[in-house]
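Multiple structures are listed underneath, in structure tokens.
Next, two complexes with subunit A in common: one pairs it with subunit B, the other with subunit C.
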Partner chain A sequence: MFLWAWKSLFSQRSTLVGSSLGIAGAFILVLFFDAVFRGESEQIVAYPAHMNPDVWVMQAGVGNMHMASSYIWDWKMDVIAAMPEVERVTPILYFANIIEARGSKLFAFVVGLQSGEHRAGPWEMSAGRRIAGKGEAVIPAVLSRITGIGIGDTMRITDHDFRVVGLSRGTYSSANPVIFVTLDDLADILSAEGTYSYLLVDAKEGVSPKQLAEGIRRTVEKVNVLTTAELVANDFGLAMQMGVEIIFMMTMICSALAALIVGFSAYSLVARKQRELAIVKALGGRRGALVGSVVLQAVIVALLGYLLAVVFALLVIPQVPLLVPQLSLVVSIGDILQMGLVALLVAVIGAVIPASLVLRLDPALAYQV
Partner chain B sequence: MTEPVLRASHLTRIYGSGRTAVRAVDDVSLTIPPGELVMIMGPSGSGKTTLLSMLGGLLRPTSGEVVINGTVITELDEDRLPVVRALEIGFIFQSFNLLDALTVEENILFPARLRKGGVSAARPRAEELMSRLGLTHRRRALPRTLSGGEKQRVAIARALINEPKLILADEPTGNLDSRTGQEVLMILHDIARDEGRAVVLVTHDPRVEDMADRVLWLEDGHLRDRSEAHHWARDPVCGMKVDEWTATLISEHEGQRYFFCSPRCKARFDAAPDDWTGG
Partner chain C sequence: MFWLAWKQLKLDRIRTAMTAFAVAAVIAVILVLDGFEQGQYRQLERVIHNRQADLIVTQAGVQDFVAARSSLPQLTREAVESVTGVVNAHPMTALPVIYRQDGKLTPVYVLVYDTLGGPASLLDGPGIRQGRDIVIDQTLALKYGLGMGDEFRVSDFSFRVAGITDEAAFFMPFAFISYDGMIDLFLESEIAPDLSTFPLLSFLLVELSPQADRLTVQRSIEQRVPEVDVFTPAELAAHDVDMARTFYRPIMGLLVSVAWVIGMLVVGLVLYADVRSRLRSFAVMKALGFEHRHLVTAVVAQSLLLMLLALPLGALLAWLLKEQVESVAPVYLISIYEPLVFTRTLVAGLVLAVVGALVPLRSVRRTDPMIAFQGA
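== the complex of A and B ==
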């Protein structure tokens, strides 16, 4: 029976290919949007993940960096730096705001670094200087391509103009490109002299991040201390949360679309093969086996669509950022596997109506000429 | 006494209800022993296919019962009927009804999965049938590449794969040329004679009349035996002999039925019946 179902399906190649491509299209949409959100979310945490100090110290009540404001007094840095467990403390000032470049207004994270500071600055350069001086800025290379401003050009942060001196790599996401300026310039913009936003604290050898965090909490009041992993997890979760509803909606819509395509193709297969199904019934085909055949055909169509979508996701999606550099796309194996389960579910749902048609089919149809 | 392969008792099938009810088959009883080839004839719409569908367990009668090899199939539910259809009955259809995607061999073996030992146990039987019906060299061919005669031979082999005691054939020569039709009829004849299977043949093919053990006439849902001589009547207009049972052009005048050879004769009669009846 299943041999017949299999051969019967593959004998109608145009239906099979058309349906599989339609399903693949729906699944590709889901995987693509998922890759966009996952890529963006990973880019959003690119800065804290690359800095990777043992712990981050921030204002009490603040638990993340993305879209957050944090201010701590500069003397608290001195207290922490004096602790025996501490190897090094690097302060940064940080704020998120609109920047203006050649008429384009973009949202960006601006990080202020102490003069000559390498520890908290860009980790890979495309061109120019890594360290900005007074009135200078290092911007993401992708931002330079999008806006057209290059080294030597001027951009504006609030009411301050900055000359671009370096183009960094890996610091761009559409939600928060990271721009580096001096700490003094940013303090001037924010009128925040005597304060820092975050302290990047590295522990001495033999001291674990957890021990260091506990030590700082005991020593300094009104600060929050998180390991890099905790801060990254918080920001990543926040970013994904912002997209999760859209991803869920997209998944539901595209899955419903895929189920409709599976259902339609299974239905058209059954409708077109009504007489043959009646013959199978007349020749002793059991109802369970017939329903099984319809479900098998639906599963094959859905899985073929799924496989096409996976091949596309693995081969094509990673190439998209080469053409569209502002897009950060990450294809997750977990999401692909999850999509496989969705494909199976879609096949079963899509097979319900055709299966009921098969159950009601009159075997006496076999006698019709 | 030999047990009949098929026994149908008071079989009735009514379509519709109330004033629109049509009795497609009306109180038909029929018994067929092993080895008998029975031909069922009748005009279009007489209920032949309905009767055959009920005999094969494809259609439930409104009343009456069908017994095949001692099993009352009209009492079986939809879960048990498929086994009877696959193992006890061989179906042969006018339009062959082969499964397009399967090869000749796969089509022949298709009903075998319900028999003991399944498809693998049926392979020797399939080999034997293909050899006997001249299909061995076409075993890998798809139905679309076969001639009409080959298709019907595949259908016959498929009907015989599970060695059923009853073969139900609906117009098996209807889509074949006369030579191929003759060939198929001879195969069916041999199946009844040599293998002792009961064969029910619904056909318009007059050649079957000579080889059938019994000829039954179905009209208006009723079945009549016409194994004796023809019931000849004379066309009152042209004087030609007309078989009362097969005639479809009939008029009634003063309580008497008149049979005609052609619409022309009937029209002339209907215009002035007294001119032709001496009234």
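== the complex of A and C ==
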């Protein structure tokens, strides 16, 4: 019976291919949605992850960079810098705001750096140079590509104009392209003289990040101290949590669509082979075997669709940013495996109506002409 | 031909129902995706219009309301109120905070208001009556199981939930507090030592006298108070939507395109399978002398009929999905019944039906009339 199921399925290759492509499309939608959120979330933490100081010091009550604001007095930096465990303290000012570049408006993370400071600046340049003075900015190379703004051009943050002097690599995401300006410029914009947003603190050799964090907490009041791993985990978690409901709903919607396609394909196959199935029934074929053959067909169709989606996800999705550079896409193997379980479930649900048709099939149909 | 196509669809009702459901599901997915994007724009517009101002004053150079930091000097209010035609300039401050409870984090856009600009409607609760009261969006209430009188902690300061509203935009639920609440928050919480850096006044919601000309007053304020920009709510909303488009368009455009490709595949598959199962009927028609164009018309007619069945079903499914998504995650608005979204889907659906009908035409063309005389 299973051999029959296999053969009859492959005798209608067009239906098989069409169904598999339809199911693959539904799964691709889910994987794509997930890749967008995961890619954006990973890119959102690109800045803290690349800076990777031993600890980050921020305003008490703040535990993120993404969508957060933090202000601490400058004297707190001096106190921390004087601690024996501390090798170096690098202050930054930071705010998330809308920037304007050649008529395009984007939400961006703006980082203010002390003049000549490279520790907290772009980690890789693709063109131009780093900022050296007031009124200069380094923008992501991708931002330059999609807006057309290049080195020497002007961009605007609130009411301040900046001249682009360099393009950085690895600093773009749709949610937060990272723009570097001087700390003085950003202090002007924020009216935040005498304060910093975050302190990147590097420990002396032999001092662990945890020891350093505890030392700072003991020494400086009303600040929050996190290791890079903790800050990155907080931001990544926040970004993923923002998309978790919509990803779940998309999975449900597209799985239902896939189940319908599976159901339709299996039903079409059963409907076309009614007479053959009636003969099997007339010859004493067991109901279990008949239903099993329908489920097998549904599973094959669903798994083929799933495999096509996996191939697409692994080979095509990572290439999409070449065409649409503003997208950061990351395909997760864990999500792909989860989707495999969904595909099996979809196959079983999709087989319900065709299986009931098989069970209701009258063996007398075999004798009709 | 339409009559014949209709008869054929009625012949196997289960198949027709499944076919219509499959196509309807594709329509629903497209409507939901398209509606999701439009919904984000509508939310951005809504949160600005809900402030009920005739004009909105921002820091010079700031052209947006959501996701933008605007900081106005305290004396600006007096200067704006001195302009002829201005009845009142109601203060509003925006504080983006991250709410943390039970290990879950949510960015919240807190709007501080005084006499205008508070929550447009309350789903529950009396609203703000004292300093520690806060009105939160239903997303927060649902996600954290918060109800009337519950504690809502921001930077170690305890607010008390005094109302539930439905205002969210750009993935962020909104919350509303009074200026008393903001001052208490600044003074009692950990923020206090660094208070000077916080924008104490972000926007002014301008109320005009009935006889004032909005454009004239807008220009007058900008001339008299150079440190501000002035927008109508529609202008400000257009800027926010513009900013959101640069964020959503590449992502949603690609997703909707993938959904349309799937739609084409499903419709093509459905029609192909259907035509294959009725090759004998086509053979009979050929044997009876029907020309190829008649058969093509029959296939296209059937495809269009299927689509006409599927479209209302798809709209219904989309509505059910929208209701489900919005009840699970009210931070998202899905605007499926927008004329633009609906018309686009309707027209594209009909085009899809015709294109889908082309897939099985080869089988129809190759049908041998002799099949009509073979046993079933």
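Quick note on the criterion: the second predicted complex is superposed on the first by the 368 of 369 C-alpha atoms of A that agree within 3 Å, B and C clash if a C-alpha of one lies under 4 Å from a C-alpha of the other, contacts with A are read in each partner's own complex, and residues count from 1 in each chain.
What we mean here is this: a residue touches a chain if its C-beta (ideal position, glycine included) is under 8 Å from a C-beta of that chain, and two chains touch if they have at least 3 such contacts.
Quick caveat: nothing in here was measured; it's all calculated off a predicted structure.
When the two complexes are overlaid on subunit A, subunit B and subunit C sit side by side with no clash.
Considering which of subunit B and subunit C touches more of subunit A, the answer is C. By the touch criterion defined above, A:282 reaches subunit B but does not reach subunit C. Of the two partner chains placed by the overlay, neither subunit B nor subunit C lies in contact with A:344.
By the touch criterion defined above, A:195 reaches subunit C but does not reach subunit B.
Once chain A of one complex is fitted onto chain A of the other, the partner contacts of A:4 are limited to subunit B, with no touch recorded for subunit C.
The vertex angle at subunit A, taken between the C-alpha centres of subunit B and subunit C once both structures are aligned on chain A, is 80 degrees to the nearest 10. Look at A:151: by the touch rule set out above, it reaches neither subunit B nor subunit C.
Least inter-chain distance for subunit B and subunit C in the combined superposition, rounded to the nearest angstrom, is 8, based on C-alpha atoms. Shared contact residues of subunit A, touching subunit B in one structure and subunit C in the other: 275, 369.
Interface residues of subunit A, counted against subunit B in their complex, comprise 1, 3-4, 7-8, 10-11, 275-276, 279-287, 362-364, 366-367, 369.
By the touch criterion given at the top, residues 49, 52-53, 56, 58-59, 78-79, 82-83, 85-87, 91, 93-95, 97, 99-102, 106, 110-111, 113-114, 158, 170-171, 174 of subunit B touch subunit A in their complex.
Contact residues on subunit C toward subunit A in their complex (touch as defined above): 12, 14-15, 18-19, 21-22, 25-26, 28-29, 32, 36, 59-64, 67-69, 71, 96, 98, 100, 104-107, 154-156, 171-172, 189-191, 193-194, 196-198, 239, 242-243, 246-247, 250-251, 254-255, 258-259, 261-262, 265-266, 268-270, 272-274, 276-277, 321, 324-325, 328-329, 331-332, 375-376.
Against subunit C, in their complex, subunit A makes its touches with residues 12, 14-15, 18-19, 21-22, 25-26, 28-29, 32-33, 36, 59-64, 66-69, 71-73, 95-98, 100, 104-107, 156, 158-160, 174-175, 190-192, 195, 222, 234, 237-238, 241-242, 245-246, 248-249, 253-254, 256-257, 260-261, 263-265, 267-268, 271-272, 275, 320, 324, 326-327, 353, 357, 368-369.
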